[in-house]
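One chain, subunit A, appears in both complexes that follow, with subunit B as partner in the first and subunit C in the second.
The block that comes next holds the complex of A and B.
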């Protein structure tokens, strides 16, 4: 097709650009600009599916296949409780607390090939994922981390270098309390007896024999759980970790102890 | 040099140049070979000058880092600097993922250019019309004078006869920095490619240690000449030990001694020959191969990691 040239009687003179102004001089503003008035695409608010999308809680998916892959390669140690810190150190998941990530969720991809006995702690888990892990003799717990605790959990070394005492982990907000007090989700605030009942129910529903973990040699490790206010397994809130001198400092003042143990 | 003078002077000069004479015409081309050679036979002097006797068993070194099964190690001769003839003291295996990588010349270029430019700060700065002294007053009235209209004598239109009278509108402004960092793995790969290229082009020599018999710089030059190493030699060691080679190389411009931490692509390309000790080879293999199998950095490597070296 012949290119439009700006020559000759019909294509020349103003060359189809109009007379003066931004049109001819090639300085028109961007698409959607309305001369300074709030443009249409900004004036109309989001509704329904899209509104508040940037304020929603996000959970990084962790498939059972990926977990099995990490255990097989030796990046994650199944003989110790698996925490978000262990997963981040193994570079299994990348969690960005600043992008409204509230943790990790277990996903069913790879449920048929999963065969590892682990004590895992995530933030959300689907029913089939819980069933798969319990069928293999493991333990699942869902717990809540507020953004500050999540950042500390993901990058502990950077936090210790700051020299601040470990803060208390906050309790979940109203809409999540129901989720974490429910035994079917294996929430950390749920009643342990109801959790045992829920395990039996799941076994019945999916049709597998629930193995007895009390007779397991790793029972002590499998049953270790964190306190609702604790962020790290061996450390309590209020302690300061000194990386340079390799020491842990604990508070001795009564008021501090009362505050951190409340 | 034909020594003129008494027998004492002749004997002294003969002692000094004995090791040069012993190499024959192929080596010491800088020394004029007079037909009248030294009076004493060269053999007895040679035994005296060696620091330690030649070992009976050859030096054989295997790779310190395990080699992947689908690749086999590259091999190189182990030489020595103790005597000019001391080539082929043994054999060493070199890891193929360091000394036999793909010859990525584009990466060599990238790393060499980065080394040259990232330190550059250009201090060129030219004054604009606001900074040039003067030029606040309108030179002549707007209308009626018959000349072009102007607002100040320092506008960039004013170049005139003297280049200083006007000012630059878009000249270099202030110190500009050309700092940028290539990814760590690219820089590591650049080192590996440079080592590979040196090995494959017969410019890499491996020595067992840095001991030399004399602290004379001429010894090193003649050794390099005899062994046909090239015009410039870069000797790398992990931690500098012997004093002899330190004093010898200090006086020389073309033969340079650097620690292993200072090895870089620019130096390797600048010098024609590269000479590594066995300790350096172990050190380089360990450090350069770690990057192939490490985790990515969660936070900068300058902060402490519990599981990284």
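The block that comes next holds the complex of A and C.
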């Protein structure tokens, strides 16, 4: 049986507003009001769950599925070391350094379908993500970028147009030093021999045979790593890149050289 | 960039991985700061004795030979929509228990009796896991379960020596004697406060 409808644009007669009262007259109280009783959102006491939330470090997640998607489409080149600059140029991730983003973190989503041999450098990585990449013969490194270096890393061309020398990357703050010197997180400040041991341990734990990357033809590329004070591969701190004349200017004064290599 | 020489640490186990950093780049072509890895962790020239001593102290996790295990994946059960319907996330690990040389003989027998319900007619111990969303993690959980089984079967019942049992009994008796002594003293105090009619 068809529903009896009033005529008119909004349904007609009462127009779905009900009969008299605040409902029909459009004067209902604000959201959360409970007629005078202390509302739920005021009755519950505060606790510091969200204290300093706007000052916390954030890391943009990068799933292995997304990484595989980018490699398959050809937006990211697996034959070169993958860096935040490469990911940003490929528009794979969007990092906002001004919104307390400190970089990118590797996430396990897509661990079962990942099959690419890459040398990747992120800021954080979970254990399963590290295991997946190493199982496929790749290399993971976690490194720290302070906000200024991060902005330069994400938008290199804009920085070069400023005409300033490349600054040196700062070392991590106290609470992160422990994270980046730990071989289990593949920190960039960790002992390489301990990193080798940690790779074996992970292989035993996750039950795969660790492929020997020394026998790989891309071994040289896979083992390239940045120096802790370096921001770009191939460019040292202190150099100025001139985009207009396509030249790179390097300092010669020994005080400057001493400062930039400290 | 990385060119950390580990030439001195040529342990046979890690040799093939230590060689990962054994390239020495031509000095001057690469940038090296004060915090580069060579300066933080200079390659040690001393003998392996100092290097190998801290290794042995930590108990190594049981080495499970993956070639001897049969691993198969299938779909997990339970709720989860399209993902659980389509993706093979349940991991099952089987191995023939009686012929597993990597477990000591007596431990094998203990395991056969403890986990009777997990061994099939062909004599294979079956361990499966579908707790995680990821195949790799489920496999890791299976291996961890096998390791726990072996550890449980290895542990021996605690043997308390005669001297220790005697000591414990003596301690209990001494505690009781002291308690009764204190009780008598307290009783005497209370008695002495009593005023008799005599």
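A few notes on this one:
The rule is simple: the second predicted complex is superposed on the first by the 215 of 262 C-alpha atoms of A that agree within 3 Å, B and C clash if a C-alpha of one lies under 4 Å from a C-alpha of the other, contacts with A are read in each partner's own complex, and residues count from 1 in each chain.
Keep this in mind: contacts are C-beta pairs under 8 Å (C-beta built on N, C-alpha and C of every residue); 3 or more make two chains touch, one makes a residue touch a chain.
Keep in mind the model is a prediction, meaning the values are calculated, not measured.
In this superposed model built on subunit A, subunit B and subunit C occupy separate space and fit side by side. With both structures placed on the common chain, the touch criterion links A:240 to neither subunit B nor subunit C.
When both complexes are overlaid on chain A, the residue A:112 reaches subunit C alone and has no touch with subunit B.
In the superposition on chain A, contact of A:168 is made with subunit C only, not with subunit B. Put subunit B and subunit C next to each other and count what each touches on subunit A; the higher total goes to C. In the superposition on chain A, A:214 makes contact with subunit C only, not with subunit B.
Of the two partner chains placed by superposition, only subunit B is touched by A:88; subunit C is not.
Shared-chain residue A:158: touches subunit B; no touch with subunit C.
Minimum Cα-Cα distance between subunit B and subunit C in the superposed model: 25 Å.
Subunit A makes touch with subunit C in their complex at residues 108, 111-112, 128, 131-132, 135, 168, 171, 189, 191-193, 196-197, 199-201, 204-209, 212-214, 219-220, 223-230, 233, 236-237, 260-262. Residues 1-2, 4, 6, 9, 13-14, 16-21, 23, 30-37, 40-41, 61, 63-64, 66, 71, 87-89, 134-137, 139-140, 142-144 of subunit C touch subunit A in their complex. Residues 88-91, 155, 157-158, 161, 243 of subunit A touch subunit B in their complex.
If you check the complex, the residues on subunit B that touch subunit A are 295-296, 298-299, 303-307.
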